[in-house]
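See the structures that follow.
Consider the two complexes below, in which chain A is the common component and chain B and chain C are the respective partners.
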Partner chain A sequence: MPQPASESPSHSDVAARAERRWAIVMLGIIALLVAMVVFTGLHWAMMPPSRVETVDPATLQLSGEFTEANLGSAVEPDGSVTVRIVGQQYSFTPQCIVVPAGTPVTFRVTSADVIHGLMIMGTNINSMIEPGFISTFKTTFDKPGDHQMPCHEFCGTGHQAMWANVKVVEPSAFTQLADHARRLTCDL
Partner chain B sequence: MTHLRKPWWRDRIVGGSLATLAMLLLLSGVVGFVWLPSAQNDARFKGILDAICGAAGIPRGWLADAVPPLPTPRHVSTVVLTPDTLSHDAPGSIGRGGTLALKCTMCHGLRGVSTSETPSLAGQQSASIYKQLRDYQTGARSSAVMEPLVKDLSDQDLKDLAMFYGSLPREPARDLGNAPDIVAFGSPTRNIAACGSCHGGMTSKLGAPWLDAQPRAYLRTQLLAFSHGTRRNDTSAQMRNVAANMTPQEIEQAVEYYGSGR
Partner chain C sequence: MIFNKRLVLAHFWLAFIAFGAAILLGEWQMFIRSPLHGWLRNADLYYRSVTAHGTVMGYVFPTLVAMGFGYAVSELSLGRSLIGPRWAWAGFILIVIGSVVASVPIAMGLDSVLYTFYPPMIGHASYYLGVVLVVVGSWIWVALMGVNMYAWKKANPGKPVPLPMFATVAGAFLWGWTAVGAAAELLFQILPVALGFSSTINAGLARVLFSWTLHAIVYFWLMPAYIAFYTIVPRAIGGRLYSDTMGRVAFVLFLVFSMPIGIHHLFADPQVGSGFKFLHSVFTAMVSVPTLLTVFTICASVEIASRLRGGKGAFGWVKALPWGNPQMLALALSFVMLGFGGAGGLINMSYQLNSTIHNTQWVTAHFHLIFAGAIVIMYFAIAYDLWPQLTGRAMTDLRLIRTQLWLWFIGMIVLTFPWHYAGLLGVPRRMAYYDYSGPNGHTEAITVIMSVVGGAILVISAALFITVLVRNHRGRTADVAPYTFSRAIHEPKSVHWALNGLGLWVGLMIALTVTNYAFPIWQLIKLHEAQVPAVYVGGDR
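Let's look at the complex of A and B:
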């Protein structure tokens, strides 16, 4: 009895070879994508931080680290600086953030109402600010200078007016400021 | 047909592909959940379990050893406003508020429309009235007149008053078309959002009052108090941030626009 053409051994061998080639190409593509992720993750710090931390946005002002008195830059025992910021419709508090150059800085930011965003121009600092979550990110500013810090996530009809200043100063100037207040801002 | 009788997973190609896929998955998992998180400069991503939990987004504290927060000064608003703060009120709330409001009529008018320099309350946002009453009670906002009047009221009394005044008819809002720039557009390059983006006209915000037809003297005094930082019961400096950036001319324009005809 003659075999149907598709079941002849030579044809199934051809199909198997084709499938194997396809599998190798696919594997190659996936391996390339993973390699790109590894490269950008290690060399460009493109790995999403995933530092998930929750907070009640309605009670920020009552207690914890986002009370009004605790906002601004705080000097830690190890010499690093922690900056706490609240975003709300339509301003950041504090409105002028002062940090020392060449010092590890940890930003802790949250929102009191809707989703805001934050980017510090001239740097790669860029984060969403979500109510209910604390955005934590670490950086070191390499030289003194002034940066603008706009909200880059549409947050309502006053969005375009929402921005703050980041003033990076010499460490010695920062230390002088820190002698006079426990939480520093350059608000007027 | 012999090769079809083998179960599918024992087929060389199918089985080989599955095994390769499984290895890829495992490899990608190690890359994404262990290797890359561990490469971050953060103690809390170190160690396999920490790295996996961090990459998976398990909520936890990310700043363990910071200096403790500073204590909150007494004169800071402690009001918690959510959209539900005033919506679950008991029936009869407005009626009880109306009775309590008899103490308020001397200054705020018989039906909440003031004829003096005190603000009109008719049709005001209930949440705003409640917040200010609570702030007078806790001392976050000071007034020699208001503080003794609210001292002995319960939280429910304050809510009833807020509901009552919120239920009264409000003066019709004005057309933003005639508004000065500060009200309609703000000054985005100087960090000032339009008044109308929170206080009505364009949009409103929980806790921000309507300003239409308020007495000019009251509006001026409060804007100046915010800009000088002598009034500090706005949560997280929300209004101080704006007022501090306004010029005296802009304050006067906003007062003129919102101020009642008197």
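Let's look at the complex of A and C:
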């Protein structure tokens, strides 16, 4: 068998150079990705729901912030909006969520039974919903529009039918609605 | 030579029969939820099918391939008969029993919980017990691989352990440790509830334990493919392995880095703090290192083969490669799929990009491209390479083999590229039916129909694969040349102790797993208020 490369010194130089270059490219890719995660995480404060906050799913409807009358969108004293949602087999409450555009919105979501998930299509809002825990995440919707909000984690035989809607409206329209109700939804 | 041929054949055949059945379920799922079919009346049929498809393809099929291949590698590379063939058969029988015990209740609709389990949904205990039996059966293999390597080392002091055996044992130890996460979830959380000893469960803790298994299991699936890259392909195409050391480094890096990264599956979960999410994100970036090393080493090895055949120029050597050789073709197609799949994986691990695609069809498309694409095509290549050793008959259907490999590649691209796109549009995964009349529904419908076509191509390819193997069994007996693995350019005469055994790396693997998992797990165990009532599925109990 003929002797392959790297026998003469010049060949082993070539090999060493190729290896070095490859190592640099490799480390460069990894450093860039990690830097991107750090930058967007800190600069845009884009963080996943991570507060490890617990709640008892068996008594959600009896007291506390997830009683039925307290679900939906609430205007906070600082003008921001908090949306509280409960997921259960196989629906969200409320089924239609209304929020203002251009306003900071905080979602607080939990489950009354099994693991669910939600995403608001056409946005980066995406979270798991787990019984026993509260998922909290913040966003600002940049323009009015209608979005679909499916449950994205298998939650039982009716999972595929678990959909809700998110209506993003002009801030003025939202203020008008808020004058008439303590908690807002667009449920029919 | 392979001494225990029946043992190896039993593992491979059971694996491929299970694979053949599960791929039909997969294509049925693609079709039934597409716009080509109306809404399924009994949605549970779909979830039964997903549970069965996932359980077979995720647990049974790759485990059996790794085991059968491991026994073959042990005998071929160490040149001696396997120690403990009775134990090996016992492991095999446990897997057979486990598969039956798990699949019957799935078919009856008692366990539509999907292969990811997801408590607090709890199905019939039989399914979980079946999965436990499969894992226990595979742990016998883990022990046997270790025993065989260390017995050989004792008999051959100072000699380097052959790379294929070293890598196989690395894969075995990886599996032994990563399965602990799901095993703990099943034994300490799910089974007590399924058997009626308890009625509450910590769903957040269950997801964290499962994530310990969920990512590294992919590297366990991957090991046979990488062993083929390093130790089969260069020999089969008439070249040399560029570096034996690089191979050892890649395999031990997988061992160390594939475990402490699983929380990247939980970026969108509320029960893990952002510190540990970030930590796992960074370690996920690290696990791309052994793959990038492998790409370099294998491309260099292939180039050596080409230059030995007279290949010239900076790129001209690519043309001189033996493209008619199935091993060459499988490697090239696998690398293309690995490239696309890996790029998608880098997106998934990046915290913020992940929130665009988490739990969408993108994720299903991603792991099909990596596992069913890049990895399974190498399982085919391994079978084609080993079969003459097992049957004593030459492999003559080279054309059919090439067609099969090409169809697998084309099918996988047609299946997964539109599937990724559907995910970007925001189509969630795991839905028995879908309303294509919604906004964007038309575009989504086209992508799903394309995937149905891709799936059909894959079914044809799988049928061809089985045909080739069956035809070989019926072929004429021939004098099959003794089996060899690739030789490195510089064959190692002695190897540093750290790269000639796995003790150091197993220690690091356990230490890093503990560092990255102990606190989140401990924190969740202490959260008694996170115990929630179980929700039973599958009828009255």
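Assume the second predicted complex is superposed on the first by the 140 of 188 C-alpha atoms of A that agree within 3 Å, B and C clash if a C-alpha of one lies under 4 Å from a C-alpha of the other, contacts with A are read in each partner's own complex, and residues count from 1 in each chain.
The definition used in the following text is that a contact is a pair of C-beta atoms (placed from the backbone, for glycine too) under 8 Å apart; a residue touches a chain by one contact, two chains touch by 3 or more.
Please read all numbers here as calculations on a predicted model, not as lab measurements.
So, does A:36 touch the first partner chain B, the second partner chain C, both, or neither?
After superposition on chain A, A:36 lies in contact with chain C alone.
Scan A:60 for contacts with chain B and chain C and give back first, second, both or neither.
first
Which holds for A:51: it touches chain B only (first), chain C only (second), both, or neither?
Both partners.
Which partner chains sit in contact with A:121 here, chain B, chain C, both or neither? Use first/second/both/neither.
So A:121 only meets chain C here.
Thinking of the overlay built on chain A, is A:95 touched by chain B (first), by chain C (second), by both, or by neither?
first
Do any residues of chain A touch both chain B and chain C, and if so, which are they?
19, 30, 34, 37, 41, 47, 49-54, 58, 89, 113, 134, 136, 156-158, 160, 163
Within their complex, state which residues of chain A touch chain C.
Residues 1-2, 4-6, 15, 18-19, 22, 26, 29-30, 33-34, 36-37, 40-41, 44, 46-54, 56-58, 89, 113-115, 117, 119, 121-122, 124-136, 146, 148, 150-160, 163.
Which residues of chain B touch chain A once you look at their complex with the stated criterion?
1, 3, 13, 16-17, 20, 24, 27-28, 31-32, 35-37, 39-42, 44, 54-63, 65-67, 69-73, 76-78, 80-82, 186-188, 191-194, 196-198, 202-203, 205-206, 235-238, 241-242, 244
With touch defined as at the start, can you tell me which chain C residues reach chain A in the complex?
Residues 43-44, 47, 50, 112, 114, 116, 118, 120-121, 202-204, 207, 240, 266-274, 277-278, 281-282, 285-286, 288-289, 292-293, 296, 300, 304, 307-308, 346, 349-352, 355-356, 358-360, 425-426, 428-435, 438-440, 489, 523, 527, 529-533, 535, 537 of chain C touch chain A in their complex.
State the interface residues of chain A toward chain B in the complex, per the touch definition above.
7, 12, 16, 19-20, 23, 27, 30-31, 34, 37-38, 41-42, 45, 47, 49-54, 58-71, 74-78, 82, 86, 88-95, 106, 108, 112-113, 134, 136, 138, 156-158, 160-164, 182-183, 188
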